[in-house]
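Scrolling down, you'll hit the structures one after another.
Each of the next two complexes has chain A plus one other chain: chain B in the first, chain C in the second.
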Partner chain A sequence: MTTTAQAERPAVRKSTPGAARGPRRRTGRVRRVGLPYLLLLPALLLELLVHLVPMVIGIVMSFKELTQFYIRDWGAAPWSALDNYRVSVDFDAPVGEALLHSFLVTIAFTLLSVGLCWLIGTAAAVFMQDTFRGRGLLRALFLVPYALPVYAAVITWVFMFQHDNGLVNHVLHDQLGLTDKPSFWLIGDNSFIALLTVSVWKGWPFAFLIVMAGLQNIPGELYEAAALDGAGVWQRIRRITLPSLRPVNQVLVLVLFLWTFNDFNTPFVLFGRTAPEAADLISVHIYQASFVTWNFGTGSAMSVLLLLFLLLVTGGYLALTSRGRRRAS
Partner chain B sequence: MRSIRAAAAGAVTLSLALAATACGGGSATGGGSNDSPKTLTYWASNQGAGIEVDKKVLQPELDKFEKQTGIKVKLEVVPWSDLLNRILTATTSGQGPDVLNIGNTWSASLQATGALLPWDAENFGKIGGRDRFVDSALGSTGAEGKDPAAVPLYSMSYALYYNKKLFADAGISKPPATWDELVADGKKLSKDGKWALGMEGSNPSENIHHAFVFAKQHGADFFTADGKADFTGDGTVAAVKQYVDLMAKDKVIAPGNAEYAQNQSVSDFAKGKTAMLLWQSASANLESQGMSKDDYGIAPVPVRSGTPGTGKQVNSMVAGINLAVFKNTDNSDGAAKFVKFMTSDAEQKILNKAYSTIPPVKSAQTDAAFATPANTVLKDTLAKSAVALPQVADESQFETAVGTAVKSLFADAAAGRPVTTGSVKAALEKAQQQMPAA
Partner chain C sequence: MAPPRSFLWSRRIFLTLLTGFVLVPVYVMVSSSLKPLADVTGKFRWLPSELTIRPYIDIWSTVPLARYFVNSLVVAGAATVCSVVIAVFSAYAVSRYEFRGKRVFTVTVLSTQMFPGILFLLPLFLIYVNIGNATGIALFGSRGGLILTYLTFSLPFSIWMLIGYFDSVPRDLDEAALVDGCGPLGALFRVVVPAAVPGIVAVAVYAFMTAWGEVLFASVMTNDTTRTLAVGLQGYSTLNDVYWNQIMAASLVVSVPVVAGFLLLQRYLVAGLTAGAVK
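Then we have the complex of A and B:
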């Protein structure tokens, strides 16, 4: 706007003594206005390439009848309009029914996993706030699951969950005698418990880390004042710690939710290409639709639906929490 | 100055990005060329006990090929669990190897993608002609009425491996020839923490191979004559139930086998924990696990009655590995030379001996190594009583859908839940509904 305003008054400038500075100042301004964009350009381009282009391709694919007959030249696959979406959400037909089942399993799994991760992580962080001997060592130990490569960690769990030689059955059945016969953990209904166990084991150190960082930002004076006023431990946690952690928790829960909901590695390493029905998470389910059944069109449509769902949840969550924050301030 | 530098950085990034997209895009069009006549990339499937074993077997042969032709072959051994996806990715991107191994049951599925070089009369001519190969092996190289999508490399069939000592201890003099005999023997063998039969309940491919053979023995098929999925016929349901009942009702398979998918049943057999194993070409694997050749015998897979043969006495699928060439190879001539080399009599003998498989090349079968009692069983099975899995474009989906259904039935059996005709039918019906509507 400023440049056009200047262009409208050339006559005035010509008459002023400092006219010669006009254009120079203008390039200076262009430079100043344009430079940040220019600096952003590489990042924008990469973002475009890494995220947006594949996303658009995925969306285009979801409108195509993309099977093994066309994967070599997928541009030539016939348009199927909304067919892929119709098949995915037709809950009376097998494909839709299976998708709905897997969606519900994923919701239950995610809520339980995030809840437990948060609970354990917070409890551990609060516990670790007091200084005691060996705190540093314990803290480092807590972070081990988070630091291990996913594959190595999960494959170890696979060994432990084995029916015949696994550690889990050895402890539960042979040593403690809690079950009357060794259980199956990697097939059948128990697979949900196995999956949840690994997911929580893997996820809580992150919650611990974030909450611990949050705790360090709470001024010690608050606790001292509360102690003077006679507040007990539980009251201090409820009245000071948790409210102060609110902004941290809001981000933490959202991130954990998104990660857990989309987790592919854990179920894939635990169960392989085809997961047991009780632990049929949506990420593996979509993988199966695309790469096992070779129906990439339907798989893409399912991915787009999942993306929309996650956008909706995230948007709703952010709107809700930011409104709360505005009211609080 | 600063802005100029930024602009330069931006331009470099842009050109890099464009170059990256140009590479990644991959042109899927066109056939092969001879742009790089000095090198070939070869994806070998994992045949031996481990990837290192395969490298040890193959590398000297590849060196020999390089000496003969001057063409350097870059070898990559791909584990089974990754192979199909790797091929699929290569098909999509156009950035695959020149020559590759495929499981012969995938032939028709991969043929449908159009990525593999069709073996018409001219191409067969380059490697000595179609007549050099055994018919049953050629039967699983692509859909009927089309030029094969691959050339047979190693042939295998299922056989019954049995532990001689455990049989003698239980007072059994000869391996079972029918399923009734197997169950009767099995009850004598399943005791003291040992079990009669081992299998891989969580491996969809293993499951489908057995389910297919059982179905054939019941005179049933998973596909109609015109190639439509038909998984719920009475014969098919009875066949799958009979297979799962080996664990559920007859109790000759340890429940723990329901979660096996990494060849644990082969280890169990090698350690003497199970007395029998239905497997294809287990010899090399058993030896590498310390089992001597004299410890076990090899017999044909049981049938329902009588002796194995065509028709209802089918007792194996035609198993094996095919060699295929990617259509968009940059070294067409070299690829043809390589296939010729690998299917030559001399190499066929060396490679099939190393992997304890049977050469699909007729003239190579005459070698004494393939006339041992064990190999005679495999050779006879392939020649007389083995049938190729359905050569339909949806074969991969069929393998997974039915294989997974059987996996869930085994999970039921292992957990002690009843496996009934109704529950088998329901599982198969679900599998059929997962098949793409053709």
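Then we have the complex of A and C:
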């Protein structure tokens, strides 16, 4: 690559008029040292303003006794050292107990949702790898849940989960007779199932998209060779398709995990400002601690704890998968 | 070689069930939007008792939907344009140059993806209010503040995807352009960007959808005049009535632009993901 560029350079020099070429190249080089930084500047400034500075402020806030009385001048809020953290992790007291519960619910929800999204997305992509009639249409259709704005999609589910006039109870109770009486879906224990259903419905097409893209990178010769060796379809899927998707899956699972774990939009539209206990995801829980019960200090401490957890998980995950990759190569 | 029957049957069953799962809410949305109010307040009916387009007329007067629509369009559109331009510059720098701090930059930007939005909601709110008090630039409650916030949401993923995409554009191409007398930016806009159109379209679609669908910041950081669709749709439920038919009609109306755009551009999206995110 560099050799071809160098080989062409003299020819160009001949065509550029005059001796200005020498100094200009030097300034060019000087400019180029600064250029990458210049190109990165807008992104850096924005990330600083909207993500990093707020994060630092959030960390500072977590050490303060920040209630609604101090919200106009948060700097004046009294320093509380580790009190907010102590309250958050005191699992015998109400605040800590609720946080732990919410954390466990979130973990269970995230694992189930990511697992199901991955499973459905992968199965759909693998089944649709070969061409068949109606494949294009089906693919477009499958992407609709992903393309729909969250609130529009989730509001539709809210309607379907209504106790008296919803589709879910109508089908389960009136038409199939599976339940004794119409159930409540947006309060009580069923809310976990409702949340999971909506999350999977909305999320699996992303896995489908990524896996579909990943499948396009598998060279056709691999399949031809396997076919020559007499491998059947199922064997080809198990021995070629799925192993080839490994690097794709590593990224996919991490991204899905982070997005699902931090998802606020889905539970917020589904349940409102206060989620039922069984579906009390941590992001809404923190929102509630901060904006409903007006304890911003505790809310910030919970956020920081959450961030630490995510850093730990992501770091561990990356270390694990990159080691696997090194061993594979 | 024809696939065996077991494969064909599994495929048929799986895809049929999945189609049902995907379609039911879409059907509910469409059919309910054409029902009279009595149909959506009583027991659920699969078929409307009478077809009416009344909800589609009423949605514009029950809440100021047109204003919310314009707000969403302005906010999501501006956030998308800014986010794509900034991501193109950053990705180009990372893909084509060696410089100190490159790794720190990519890791930092990517790790912001990890932050729970709730972590910086309140601090950001305070920052915007303080900037407003100090400089008179109204960020809180304005479209500008929302644009600024949203464009950073899609930025990390966009940069990451475009780095991969730009890496797949042969370096020889833009080096040749540099040799031919283009400046680095000339090479970027005349060679790399045209070659990376699918990736850029994919990133734009993603950025637009992120901004169009965001709820949390929209509900805290907007006021009556700047409210977006994400918050505005809540206006259809009053204390006495929930106008489900109007909610469904409005949901459909706000979904059509994004879904249509997305489906038109989905080929680009797969192509963009193939080279960008999936390598």
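To be clear about the criterion, the second predicted complex is superposed on the first by the 297 of 329 C-alpha atoms of A that agree within 3 Å, B and C clash if a C-alpha of one lies under 4 Å from a C-alpha of the other, contacts with A are read in each partner's own complex, and residues count from 1 in each chain.
Quick note on the criterion: a residue touches a chain if its C-beta (ideal position, glycine included) is under 8 Å from a C-beta of that chain, and two chains touch if they have at least 3 such contacts.
Model, not experiment: these values are computed from the prediction.
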May I ask you to decide whether A:Pro42 touches chain B, chain C, both, or neither, giving the answer as first, second, both or neither?
both
Please work out whether A:His163 is in contact with chain B alone, chain C alone, both, or neither, and reply first, second, both or neither.
first
Once the shared chain is lined up, is A:Trp294 touching chain B (first), chain C (second), both, or neither of them?
first
Kindly classify A:Ala225 by the partners it touches after superposition: chain B alone (first), chain C alone (second), both, or neither?
neither
Answer with first, second, both or neither: which of chain B and chain C does A:Phe268 touch in the superposed model?
second
Of chain B and chain C, which one touches more of chain A's residues?
C
Just chain B (first), just chain C (second), both, or neither: which does A:Leu308 touch?
neither
Once the structures are superposed on A, label A:Val144 by its partner contacts, choosing first (chain B), second (chain C), both or neither.
second
Look at A:Asp174 in the shared chain and tell me whether it touches chain B only, chain C only, both, or neither; answer first, second, both or neither.
second
In the superposed arrangement, does A:Ala153 touch chain B (first), chain C (second), both or neither?
second
Would you mind listing the overlap between the chain B footprint and the chain C footprint on chain A?
35, 39, 42, 46, 49, 53, 74, 164, 291
Which residues of chain C touch chain A once you look at their complex with the stated criterion?
1, 3-4, 6-7, 10-11, 14-15, 18-19, 21-26, 28-29, 32, 40-44, 86-87, 89-90, 92-94, 97, 99, 102, 105, 108-109, 111-124, 126-127, 148-149, 151-152, 155-156, 159, 171-172, 175-176, 179-181, 184, 209, 212-216, 220, 229-230, 233, 244, 247-248, 251-252, 254-255, 258-259, 262-263, 266, 269-271, 273-274, 277-279
Partner chain A, residues of chain B touching it in the complex:
2-3, 6-7, 9-10, 13-14, 17, 20-21, 28-29, 81, 85, 88, 91-92, 94, 109-110, 112-115, 201-202, 204, 254-256, 258-259, 261, 393, 396-397, 400-401, 403-404, 407-408, 410-412, 414-415, 430, 433-434, 436
Which positions of chain A touch chain B when the two form their complex?
31, 34-35, 38-39, 41-42, 45-46, 49, 53, 67-69, 71-74, 93-95, 98, 162-164, 184, 186-189, 272-274, 276-277, 288, 291-295
Using the touch rule from the top, collect the residues of chain A that touch chain C in their complex.
1, 4-5, 8-9, 12, 16, 32-33, 35-37, 39-40, 42-44, 46-47, 49-55, 57-58, 61, 74, 120, 123-124, 127-128, 130, 138-153, 155-157, 159-160, 164-167, 169-170, 174, 201, 209-210, 212-214, 216-217, 227, 232-234, 247-248, 251, 255, 258, 261-262, 264-265, 268-269, 282-283, 286-287, 290-291, 296, 299-300, 303-304, 306-307, 310-311, 314
